[in-house]
Structures are given as structure tokens and as C-alpha cells.
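In what comes next, subunit A is part of two complexes: it sits with subunit B in the first one and with subunit C in the second one.
Now for the complex of A and B:
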């Protein structure tokens, strides 16, 4: 990974690193990637099925009943800024 | 720093704490992050409801590292607990001091097991899906498990039986008929020690492993060292899955509906970026970026897809071992104390999860006792806790 890819990742993830953090992260990432590349041939997984869940997972269904567990006031209790029941954000459309 | 937030009213005699990854209605839950500082949940975690129904009293919440992905809690927004130059874990300290009987924790990246090993406590990370994760803060959904830490194996068994069971509210909760398999205990007669997992441990950890092996042999249990090169690969692939899932799970923290919002910003993008940059610590930021890159078009097949396939290879490797042995013995950490040098290394948790990743990536149960870790077949937690009770008794 180079600094250009890192810059793109920062943008994608809405994050910024300091110059020192960038250097530390790049060393960490490149070492992790080299290690994974070196391990790539250790086990041939071409015919191995992916395992997303370690245990059999079934689709959970429930009765289609309308519920209102929380009020708007409750939901906005931890909000950084609200106004008359709306969440406030900066202007999005110029 | 604070070890825990005390809840003032509890009438129960059997007291416990929950770590700060478990949602509580009347105590803030901040997951060790500035992002959730002061956040109060609207609902209680299922495990806490079950414990309250059975008469156990929640005494308070213990602090964790940011989203519990670090060594022992050192990345908490509240600061690290350092005693005599040694890093300590809040949950383990509260139990060791005798303030509560047990703790309910979320084992995300092994910090619970490292803490139990370093403080001479017992912990059980049960089989994935046996304890509801409803009301826990999600970080690595496919591997994290609600766990129990206590002074004794009997207390772990008691607390685990109170919280285990199917929960409709958790899509990964196993059917009750599967969970009931944990009630069947099987005597442990054969233990395998994986030589590849002994890499990097210091003299004191080796000594503990030898002591435990001696106790096992004294009790007529066969202990055999076996060569295995696959299990030791767990950590490399766990890092891929952990970072990818963590990246997705924390993407919702943007400073809009709840959580921290930066004071200064020009426009919505800056609101997101400044809030996340100011609130998240460097280890979490690194994990997000690592996860994001492993999921990118350039790396998805080579890295992420490979890790998912390797998870199956590792699960199958354990199954082969369990065809001949009852449990696997391995260290839980490389050393029994992390000092200043360890704390300076941002990525030390990525090194130490070499010992905890095998149980995390496979969802297999793991018991820590006497400073060492046993990993067993699915649903063998009670059998392993009975073995832990023997080690506890003999180790005194």
C-alpha cells in the first residue's frame, strides 16, 4: 500500500490519520499483507467452501405485528443535536 | 482511571458486573470509546435480563478497551489501568478484589481470556450461538461471544447455565436442542498440546503449562504433544475477518443520530470525518482501514475470501484433532504481564491474538484456568469446566 491508496481509504472511511500514524499504519499493513501472501501457498483452498458462519444459521422469522417499542423522544435522547423532533445536520443541498 | 461504574441499588447477594460492551438501560454504555461517551441504551442485553430473572444483581459496569479489540483495555477513552508498571484489566481486577462473584463480558479479540490468565482467574468463552448476543455492541459478529469470568470454575458454570439458551431476538442463536448438548458432560481423558502454539511464550507461561500438564497426568489424563501447522495460522486469518467485520460494524458511528459530534465542521462530510477522527483511537482506526482494504476489489478474493475458506480448514483441522483427543491445551498469552514496551506497540493485540484466535475464528469453547487455555469441541464447556475445577483444586 502506498500513500495514495491510504488517502483513498481515509476518504472512504471518513477518517484522518496524522503523518506519524500514516507511517506506522503503512508499515503494519504492508507487513500483514506480505505475511498473508507468504502463507497463500501453505494451504490450497481452491476446492474449500467458504465458511461465513461457524454454526448453522437459520433465518429468524416473527409474526408480522406492528410494534412501537420506543418513542421518538426516547430515540433522540442520545442525539448530539435535535430540533422539534428532527435530527439536525449541516445543510446538505447547496 | 475508573475501573467501574457502580450501580447503587442491588438487593441480591450474588453480585456480578457486566463489561461495557453489554447494553444497560440505566447505566451508560460507551464501549471504551469517546464516540459513545455518555450513551444510554433504550434496552437491556438479553443476558442481563436472564440474570435478573434468576435473582442475580448487577453491581455495575467495568471499563473495556475501545470496542474491546485491544490487549486488556489500554485503549479505553477513560485511560489504561497500570499498577506497578503492569497493565491491568478492569473486569479481572474487580473480580480479583472480591467485589463481585462473576462478570459477564464480550470476548471480541481475546482480552477476556488474556486477563483471566494473567490474574489467575477462570473464564469460559462458550460455543458460538449458545448465549444470546442481543444487546451487545457488535464488532466481530461472526466470532465474538458473551463470556463469563469468575474466581472459580463452579461460579463460571453457574453463571453460564443462567445465561445460555436460545433467544429469538438473536439471529445467530442456536436452537435449544443444540444448546442442551452442553448439559451432557464427558470425562476428559486425552489432552493434546499443540507444539506450534507454544511459539513465543516466556518462561513463566511455559512453567504454568508444565504445571498443568503434571496435574493432568497425576489425575490419569493422557497428555500428548502433537505437531500441527494449521491451527497456528488462525491469527493471520482472524485478523482479516475481525478487521473487515469491525470496519462494517463501526461505520454507523457518524455523529448524527447518537454519539460524539465534532464541534467544528463545514458541511456534512466534515461532520462525519471530524467526528470519527476525533472520537476514534489509533488502533480502531487502523483496524477499520485494514478491514476496508481487505474488502476492496483488489484484495477481496486474495485476502478476505481466502480467510473465509481458511476458517473452514481450521474448523476441520480441530475436528480431526477431536477425533483422537478430548481437548487441546495451549497458552492464552505470551506473558503474564504487559509492561510499558508492550503498551507502546499499537498492534500488540494483533500479535497476542495468536493464542486466542483459534477459538475465536472457529467459535469453539475455550476455558482459561491456572494461567492456561483449553479449547474443546463444540458444547464441551461443562466438561472443560469440570476439568478446570480439578486444576484449580490441585493447583492451590
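Now for the complex of A and C:
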């Protein structure tokens, strides 16, 4: 873990860390690195099939039938702001 | 130095299902009120669980089979994280680790001959919503009608090397997916969109150059222009150091005819794919797999061979017909009804095409009942309806699928008259009022009879067997 990786993590998680917090995270992640390396060396996963789910389950599917059990008004009742059927959010383009 | 362009395409195709991929809302919102087709699942309310639409998997598999892919019998969904208001859950449910179809092959044909394009994978995913920025200055308006509409993304290997090949490849994809009836594939309607990945390298080199991506291209002409522009820009950068090429996403501005780098903020995303714990693996058993395999249509090349070898059509006619499944289906039922392949092909490729062209409609928009067309062809070939009137009936059949040509011809006075006394009367009148044409014909100008012929046909409203009329005209002239 270096400062560049930490910067990317900050960006992706929408965080702004103080210098002190950055130092704490760097020390924390780097101290865990040896644990991960130990695991990596101890277990050979070369030919192990990817586990998709802990239980051997499969999805159920539904038929392609249209239903409309909810009204727009119900769904927008908790919205901070709506306008003529649209949800409103702060402007995202300049 | 000579260069070659290396292009890979990511093509998004909207599947023609009735409902969305993970909920039962309608997938068709054209002209609908904003947010008319939404529910807690597709607008990302916490705790809502997706339920997979079986038809999406059917169509995903079918598309895979049409493109000669291997079908993953256990296919899984994953979360792709990105944060933008058109994606209410802040992740897109897509396929990353085990897409429905992989390792396909599509054959294209250009002026340089045939070429195989490898398909890396086809994955199923949900579409995002629509943002509207021009209603109010300070606000973005969000419409989730399109959220969760099912898409497949067809990812090719970087096997394409020119705008011509890209056009041929997109045409081929459209053709195959329309044959399978899994998608409309109409770029103008947004049901087919394309991301173009492009790099340039010295001819013969096996090392790929710096790659740029242009997203959401929605017309073949724009794609061709963008490819030409990007290729020139890359070569210029390599040869003259005009700029440093970097791997980036660029936006194509078709009006300015230029591509622009998008702000780094927009490309900084790391999608952090991980298995979606809310959707269990989709396991395709033998019965399901075989039922889809059995539902595959006859491929265009197989149809072509059958039309030529079994039905006896010319190569040209067969090539024209197989361009569109709508045309093929109409042809096959018309042929079954009237028994003449040549007449059926002629009516479709000349008369129907003329009407489609005059109405600025594409081949695939043909919506004429093939059986009724066959009946019409029979009426004309048996001489019961004149060809000109047959064309009029056909034009009306474009507007009304329920027209039965024979009833319609009777009701509108289009049935050819067998009343020879009427024809004789009309012929005599025409002869009397066109003495010059009569003299010309008598002095050896055989074509002069056409003036008389036309006058009679007009009088008879086209309802006359041309040969009978001609015979009567000649007989009447000879009496003079």
C-alpha cells in the first residue's frame, strides 16, 4: 500500500482523509500485508473452481409478464424533491 | 511508414422483452410519462431483491448461439459500482465473471473478401435511467423508466481494421439478432449502441498501440467518421509528435467532426466488480438449453442456399431477400400461397421495395401479410386483376393487414372484365377517335397500337386482360 493506492481508494469511496488519517491507514494496511502473504503461500488455489455462493443454490426465474403494482406517487412520497413526475437531484453537468 | 488500425467493438443491444430484467415493470417507455414504469426494485430502494426475467436469459442464450458462442451453463450476475444519478442503486447489475456466452465467431464480408471476427463474450445487464438537464438550471431531472431495461453487451476481440469492416460487422450482428427475433437493433431508436475501442500500429506489428475508447455511438455514419478521424489523429501523434497518446475515453462530436478527451473525473472509475449476492447463479439445464437451440431460426446462408438450389431463385434475388427476416417470411408465405417463387420474389423486390422506399421505411419494417400477398400475385398472374390495379391493392395492403385481395378487388371494381362485347365497344371508340394511330399501325408501325391500348385500358380502369384487348384491337383495325 502506497500513497497512490490510498489516493485512489479515497476517490472511489468519496472520502477526504486528513494527513493523520492517511498515516494511520497506511500503517494499518501495510501491517496486514504479511498476513495476506502468509495465506497466499499456504493455500494453493490454482485448480479450485470459483465459488459463486456458499450454498449450492440457483436462482428462480419469472415469466416475462408486465405488472405495475406501484404508483409513481407512492414511490416519490419520500423524495426530497420532485417535479412533474421526475426525481430532482443537484445538477450533475456544467 | 504504413499503419494499420485495430478496432474492437462493444455493442449494446436492447432485448425485445415485454418486462424489465429484474422486475415486472414494462420495458417499453417510448412516449410514456416520466417514471411511469418504475417500482421499488428498479428505482433502487433499499432491500429490494431482483428476480430474473426468464426471457432475458432465453434471448441472451439465443444471441450467443446465433454468434457461434459457447454458452455458460452456469451464468452469474455481478455488481459494477459507479456513482451517478442515472443508476439509483449506485451499481449496475451485469455479468463479469461468468457471462452467458463466450468465445463466438462472426463472419463478415467486405470489398476485400470474407473475414472472421471473434466474439469475446456476450453478457446480460440492466440499462441505466435517463437524466434531463434542460428543464431547470440548478437541477438534474431523473427518469427511471429505462432503468433495468434488459441489454446484452456483445464484446468483440480487436479483429476489425477499418470503418468498412465495422459497418459490415454491425450489419451482420443486426441481421443475425433480427433473424433470432431477440432485438430490434435500430441505432436511430437507441436499441443498438456502440463503443469503439481503437488503436494504431505499424503494419505487420503484433504489439497493440495506445487504445482510446469512444462511447455511445449511435449511427453507423458517425462511427465511420469517428474511426477515420481517430485513426488520423493517432497516426499524426505517432509520426509528428503532435500530442502524447494516452489510454482514455473520448467523446465523439459528430457536428464538429472531432473527438474530445473526457474530463479525467469521468474516467477515474474503478468498477470494483464483485458477485451480486442478491441474484443466485442461473443454471441452464439440458431441457432449457435444448429448447432454445431448437428455436433457432434458419441462418441467412442456409436460407440463401435453399432459395437458390431448391426453389430455383437467382443468386441476386436470394441475396436481396435474405437481407431481412421480415422480407424472407413474407416471401415464404406468399410463395406457399401462389406457387411461384419468381413472381413472389419480383413482387417483393420491386413493388414492395418501391412502396417501402417511397415511405422511407427500412426492409425490416415490412408488415404485409405474406399469404394475402400470395393471393394478390395469383389474381394478377391468372389475369383476374390487372398489374397496375394489383399495385394499387398492394399499397392499400401496407396500410391495412386485414385486406383480402380478392374481396377488396371485387368491392373496388378491380376485377378484370371478361365481357368481350364491352371490350369491343371500347376498342371501337378508341379506334374512331385515334385515326392517326390506326393509320400508323396499318402502315407497319406496330408500336402505334400502344396509344389505342392505353386509351382502352384507361377507359376500362385497367380491368381487362391485356392479351384479349390486344387481339380485339387488331381484329377491329383489320376490319377497317
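By definition in this document, the second predicted complex is superposed on the first by the 91 of 94 C-alpha atoms of A that agree within 3 Å, B and C clash if a C-alpha of one lies under 4 Å from a C-alpha of the other, contacts with A are read in each partner's own complex, and residues count from 1 in each chain.
Methods note: a residue touches a chain if its C-beta (ideal position, glycine included) is under 8 Å from a C-beta of that chain, and two chains touch if they have at least 3 such contacts.
Quick caveat: nothing in here was measured; it's all calculated off a predicted structure.
Asks: Touch check for A:93: first (subunit B), second (subunit C), both, or neither?
Replies: second
Asks: Please indicate which partner A:12 is in contact with in the superposed arrangement: first for subunit B, second for subunit C, both, or neither.
Replies: In the superposition, A:12 contacts both subunit B and subunit C.
Asks: When the two structures are overlaid on chain A, which partner does A:21 contact: first (subunit B), second (subunit C), both, or neither?
Replies: Only subunit B is touched by A:21; subunit C is not.
Asks: Output check: A:45 vs subunit B and subunit C. Expected answer is one of first, second, both, neither. What do you get?
Replies: After superposition on chain A, A:45 lies in contact with subunit B alone.
Asks: Given the touch rule stated above, what does A:68 touch, subunit B (first), subunit C (second), both, or neither?
Replies: In the superposition, A:68 contacts subunit C only.
Asks: Is subunit A touched at more residues by subunit B or by subunit C?
Replies: B
Asks: Thinking of the overlay built on chain A, is A:53 touched by subunit B (first), by subunit C (second), by both, or by neither?
Replies: A:53: touches subunit B and subunit C.
Asks: Considering only the contact definition stated at the top, list the common interface residues of subunit A for subunit B and subunit C.
Replies: Residues 12, 14, 50, 52-53, 57-60, 62, 69-70, 75, 81, 87, 89-92, which sit in both footprints.
Asks: Any idea which subunit C residues touch subunit A in the complex?
Replies: 17-19, 24-26, 33-40, 43, 45, 51-57, 74, 76, 83-85, 97-98, 131-133, 135-144, 268-270, 272, 275, 277, 279-283
Asks: Can you tell me which positions in subunit B touch subunit A when the two form their complex?
Replies: Touch list, subunit B to subunit A: 38-40, 42-43, 127-129, 142-143, 168, 170-172, 174-175, 178, 229-230, 233, 236, 239-240, 247, 251, 254-261, 265-269, 271-273, 276-277, 280, 282, 285-286, 288-290, 292-293, 302-303, 305-306, 308-313, 315, 346-347, 350, 361-363, 378.
Asks: If we count contacts the way the header does, which residues on subunit A are in touch with subunit B in the complex?
Replies: 1, 5-6, 9-10, 12-17, 21, 24-25, 28-29, 32-33, 35-37, 39-40, 42-43, 45, 48-60, 62, 69-70, 74-75, 77-81, 87, 89-92
Asks: Note which residues of subunit A are touching subunit C in the complex, please.
Replies: 8, 11-12, 14, 50, 52-53, 57-70, 72, 75-76, 81, 83-93
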